[in-house]
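Note that subunit A is present in both complexes that follow, paired respectively with subunit B and with subunit C.
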Partner chain A sequence: MNLEELIISLFYVLIIPFIGIFLGLLYKGFDRKITAMMQSRIGPPWRQPFRDIRKLFMKETIIPDGAVPWLFNAAPVIALIAPLIALAYLPIGPLGPIMEGFGDLILILYLLAIPAVAMAVGGLSSGSPYATVGAQRELVLMMSYEFPLAIAAVTIAWRFETFSLGVISSTPVWWLVGPVGTLGLILVALALFTVLPGELSRVPFDQAEAETELAEGLFVEYSGRNLGLFYLAEAVKMVVVGTLMIALFFPQNLTNWVTIGGPEIFGIIIGDLVGNVAFFLLKLLAVIFVSVSVVRVAVARFQIDKASYFYWVPMTLIGLLGTLLVWIEGVIL
Partner chain B sequence: MSKDATYEVPIGPIHPALKEPFMVKFKLDGETIVDADPHPGMNHRGIEFMGMHRNPLKVIPLAERICGICSIVHQHMYTTAVEHAAGIEPTNRARYIRTIMCELERIHSHVLWAGVAAHEIGFDTHLHFTWKIREKVMDLLEEISGNRVNYSMWTVGGVRRDIPKKMYRRDFSPKMYPKIQNTLEYYEKLYGKLEDIFLGDPSIRLRTKNIGILTEKEALELCGVGPTVRASGVKKDVRIDQPYAAYGDLELDYVIPSRYGYENTGDVFSKTLVRLKEILQSIDLIRQCVQKMPDEDIDSEPKKAALLNKLKKADGEGIGRIEAPRGEALHYVRLKEGHEELDNWKVRASTYNNLATYAPMFLGEQIADIPIIAACIDPCIGCMDRAEIVDINTGEQTSYDHEELHEMSVRKTREILGDKL
Partner chain C sequence: MKLSKTFDKALWVFHMNSGSCNACDIEIVAAITPRYDAERFGIKLVGSPRHADVLLFTGPVTKKMKDRILRVYEQTPDPKVVMIIGNCGSTTGVYYDSYAIEGPIDSLLPDDAHVLYVNGCPVRPENIINGVKEAWLYLEKIRGDDK
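Moving on, here comes the complex of A and B:
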C-alpha cells in the first residue's frame, strides 16, 4: 500500500463513522415521523433524534450503587464502536468496502453480535432486576435470530463462492440464478427481513426493552452520556443492518440503468456518483421503512418464547427451504 | 447454586405497566410467575374523611373526583345513596338522563380500556386509533354536560342539566336527538373495525388467548365483579339484578361470551370480548332511553336551600349500588338529624373486589403477560385505595383486622378517660 492509498483510507475511516451516525439519526427521525403518520399522529420533527442526542450528552450520567462501574461504562462504548467498525467493511452505495481484503461477511456477522452482547453485559452489570430480565431476553433473542441471519449470509456466499462483500455487492445475486433459485432467494430475503426488527430491538421483538413490562429493561439504569451512546449505537446499527441487507440482495446502482454524466474529477463522474449515492439512500430508506416502520405499526409485541420460536422454527425453515432451492438449481439443474 | 432459583421483582409503585401508584411484588422463576402479592396504599387521599366535613350537596363534586374515568359512577352512587337515606325520589326524566350519561360513559371507558390494553401488549397503533375515536363520545358528553371529564351533572333528586335543546326535537321520530344518534351511528360503524382488531388480529390473539385465566369457580369465590367475571360466565350485573335509574324499563341481558358463540374461558380475550360487546349494548340502551324518555322536570327539588334543609332533617342510612363500567360499585351514606354534614360515607369501588382475582390470573404466566393481566380488570387504584400501615423506622408493613382496631380504640378511650370509667 503506497502513501496515497493510505491517506485515502485514513480519510475514509475518519469520515465514515460520522456519516454513519448522521445517517442513523436521520433515518431514526424519518422512521419516527413515518410511524407517527401511519398511526394518525403528528409525530416529532425529523430532526428530533439530533436534539435527543444533544440533550442526553448534556445530562448527568448516573452510575447506580449496585453497578460494576467499569463494565457499566464500557458497555455503551463497545456497543457503539462495533457497528461503526462494521460500517468500514460494508459497501456503501457506489463505494466499495473501504477495508476490502481485511475482513468479510463473517467478520460483519460477528461485529453485529457485539452490540447485543454489550447491551446485555451493561444491563447485567447495572444490578437492576428489570435490566437483568432484559439482558436475559436480549441474549435469548440474539441466539434466536442469529440462525436465519447465518443461513441468509451463507446462501449468498455459497452462490458467489466467496465471503468477500466487495465481490458480492459487485453483481446482484438475482442475475446469477434461474427461476427456481429466484424463488429460493425470495424466501431467504424474507427470512433476513424478519431478522432486522429483532436485530434492532423493535416491536414485535423489543422484549429486552419492553416499556410496559420492564420499563426499558436493559437501559433502565442508564442515563446521560451512556444512554446517548446506546442511542447512537442503535442508530448506527440500523444503517449497518440496512446496508448489509442492500449489499446482499439489492446492490444495484442507478448507473445500471441510467447515466447522468456531468464533469469528471479523478476519474469519477460526479453526476453518476451523486445519482448512485441518492439511489443508495433511497434503498436504505425503503429497507428501513418495510422492516422497521411498517412492522412496528402492524403487530403487537410477542412473548419471548414465542419470538424465539418464530425465529427458530418458521423463519429457519423458510431460510433453509430457500437455501435448498438455490442449491438444487446450482447443483442439479 | 441454591435449589430455589426464584427472585423478586417489584412492579410499582411507579411503573409503566400501571397507570396509577400501586405495587405488586412478583416472585419469578426465570420468566414464570410463581407468586404475586398486591400492595395497595400509595394513592389513598382520604376523600371520605373530607366528605364528612361538608354538606351533602357539596360532596357531589368531590365524589366525582374520586376517579378520573368513572366520575359519573361515583356521582350517581353518592346521590342515589343520599336519596335513599333521605327518602327523596328523582324525577323520571332525570332517571333517563342519568342512564344515558352512564351508558355514554361506559362506551368511553371501554374504548379507553381497549387502547390501554393494546398499549400494554406493545401495539401502540391501536392505542392511538381507539383514543382518537374516543374523542367523539367525549365531545358528546361535553355537549350535554359542559365538561369532558368531571361532568357535575348530578344533584340529589335529579340532574342539573337537561339534554340541551339543540339536540332536542318534539316529535318522537327515531331522529329525535340527532347529536346523540350521530354519535351512536359513528360507533356502530366503527364497531366492526374494533372487533376486527381486538378479536381478529393474530398478534393480539396470540397475546390474549389463554392468558390470565379466571375460572367461573374462582370468579364466584373471590367475589369479582363486572366484565372481569362475566367473561368467566358468571351472570352478574346490577343493572339486571337490582335495576336502578331507568334500567328497569329497558331491555337488556347479561353480556357473557357464550351468548356470542364463544367459550366462557375467562381469559384476557374473553374479557376484551365482553367489553366490546358492552359497547354495542350501551348503544342499544341509549337508543331505548331516547325512545322512552318522558317529558317532565329534571329535578324534583329545584330550590337548593329547601333541599339542604330537608337533608338536614333526614335521618337514616342509604346505599347506592350501580354497575360501573368496571363492575359493581357501592356507596354507603349515613345522615343524622340536625347535622348538616354527612355522618358517614364509605366508598367501595369495583377494583377492590377485582384485585383479589389477580392471584389466580397471574400464577404460572410470564413476565410479558404482567401488564396485560394487570390491565385486564381495568384497575382504578384511585377509586379503591386503602391505607396501609408502615413502620417508618423498620419499613415493616402490618395490617389490622377489625378486632385489633376495636381493641386499640377501647384502649385509647380508657387512656383518655382514665379513672372516670
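Moving on, here comes the complex of A and C:
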C-alpha cells in the first residue's frame, strides 16, 4: 500500500462512521414511518430518530448504585464501535470494502456478535434483575441465530471458494449456479432473512428488551448518553446487517443493466457512481422493509424458547437443505 | 448539552398507576392507538423510568404506592415533567378523605417538580395529547430558567 492509497483509506475510515450513523438513523426513521403507515397511522416524521438521539444526549446519565460503573459505561461504546468497524470491511454499493485484504466474512461474523455480547455485559453489570433476565435471553438468542447466519456465510463462501467480500460482491452468486443451486440459494437467503430481525432484536425476536414483560430488559437501567449510544449502535447494526445481506445475495449494481454516463473524474464516471449509490440505498431500504418492517407489523413476539427452537430447528434445517442443494449441484451434477 | 427545542418533539413517557381505577390507564393506551396516534408527535411509551422524560401518574396515591411513586420520580433522569392524568391524581376525586389514601400526587412530590394536570374522569385521549402540548409550554419555561 503506497502513501496515496493510505491517505484515501484513512479518509474513508474517518467518514464511514458518520455515513453509517446517518444512514442508520435515516433508515430507522423510514422503518418507523412505514410501520406506522402499514398500521394506518400517520407516524412520526422520518427525522424522528435524529430528534430522539439529540434528546437522549441532552438528558442526565444515571449510573445506578448496584452497577459496575466501568463495565456499565464501556458496554454502549463497544456496542457502537463494533458495527462501525464492520462497516469498513463491507462493500458499500459500488465501492469495494475499504479494508479489503485486512479482514473478510469471518471477521464480519465476529464483529456482528460483539454488540450482542456488549449488550449482555451491560445488562448484567447494571445490577437489575430485569436486565439480567434480558441479558440471558440475548445470549440464548445469539447462540440460536448464529448457526443459520454461519450456514449462509459458508454456503456463499464455498461457492466462491473465498471468504473475501470484495470477490463475493463482485459477482452475484445467482450467476454461478444452475436451477438446483438457485433453489438452494433461495432457501439459504430465506434462512438469512429470518436472522436479520433476531440480529437487530426486533419483533418477533425482541425478547431481550421486551418492554411489556421485562421493562425494556437489557436497557432497563440505561439512561441519557449511554442509552443514546445503544440507540445509535442498533441503528448502525441495521445498516451493517442489511449491507451484509446485500453483499452476499444481491450485489448487483445499476450499471449491470443501464449506464447513465456523465463527466469522468479520476476514472470514475459520476453519473454511474451516483446511480449505483442510489440503487444500493434502495436495495438497503428494500431489505430492511422486508426483514424488519413487514415482519414487525405482521408477527407478535415469540416466547424465548420458541424463538430459540425456530432458529435451531426449522431455520437451520432450511439453511442446511439449501447448502446441500448448492453442494449437490456443484459436486455431483 | 443545553436543553434545545428538539427535546419537545421526542418526549418518551412512562406510565405508572398510583392506585387508580384503571380507566385513565386504558385511555392512555387509547391515545397511542391508530385513531389518536400520539407517536406522530414523537411520543413513545417506554417501559422504564430511566428512559422517560414525562411521567404519567394516574390515580390518588394509596399508602402502599407513596414510596414507589417517589422512587420512580427519583429514578427518572432530569429534565423531567410529571403529568397527572385524571381528577383522582390532582384532587383524589371520589376517594376524598379515604383512610387508604395519602393525598394528591403533587402534595407528595418534591417542591421543584414540574407538575401539570390533565383533568377528566376518565381523561379523554384528546385531552392527554393536549396535556403533552402543555408539557411543551412547561419545557419552554424550563428553558427560560436556564438562560
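The criterion applied here is as follows: the second predicted complex is superposed on the first by the 333 of 333 C-alpha atoms of A that agree within 3 Å, B and C clash if a C-alpha of one lies under 4 Å from a C-alpha of the other, contacts with A are read in each partner's own complex, and residues count from 1 in each chain.
We adopt the following convention: contacts are C-beta pairs under 8 Å (C-beta built on N, C-alpha and C of every residue); 3 or more make two chains touch, one makes a residue touch a chain.
Given the structure is predicted, the values throughout are model-derived calculations rather than measurements.
By the touch criterion defined above, A:Ala215 lies against subunit B and subunit C together after alignment on the C-alpha atoms of chain A. Look at A:Gln207: by the touch rule set out above, it reaches subunit B but stays clear of subunit C. In the superposed model, A:Val117 makes contact with neither subunit B nor subunit C. Once the two complexes are overlaid on the shared chain, A:Gln39 sits against subunit B and subunit C alike. With both structures placed on the common chain, the touch criterion links A:Ile269 to neither subunit B nor subunit C. In the superposition on chain A, no contact is made by A:Val13 with either subunit B or subunit C.
When both complexes are overlaid on chain A, the residue A:Met58 reaches subunit C alone and has no touch with subunit B.
Looking at the shared chain after the overlay, A:Asp305 reaches subunit B, while subunit C stays out of its contact range. Looking at the shared chain after the overlay, A:Leu321 reaches neither subunit B nor subunit C. In the superposition on the C-alpha atoms of chain A, the part of subunit A touched by subunit B in one complex and by subunit C in the other spans residues 39-41, 211-212, 214-215.
Considering their complex, residues 38-41, 129-130, 133, 136, 203-204, 206-207, 210-215, 297-306 of subunit A touch subunit B.
In the complex of the two chains, the subunit C residues touching subunit A come out as 1-4, 6-7, 9-10, 34, 37, 39-42, 45-48, 50-51, 53, 75, 77-79. For subunit A in complex with subunit C, the residues that touch the partner chain are 32, 36, 39-45, 48, 51-52, 54-55, 57-62, 211-212, 214-216, 219-224, 227.
Those residues of subunit B whose C-beta lies close enough to touch subunit A in the complex are 7-10, 15-17, 28, 30-31, 118-125, 128-129, 132, 201, 203-204, 206-207, 366-371.
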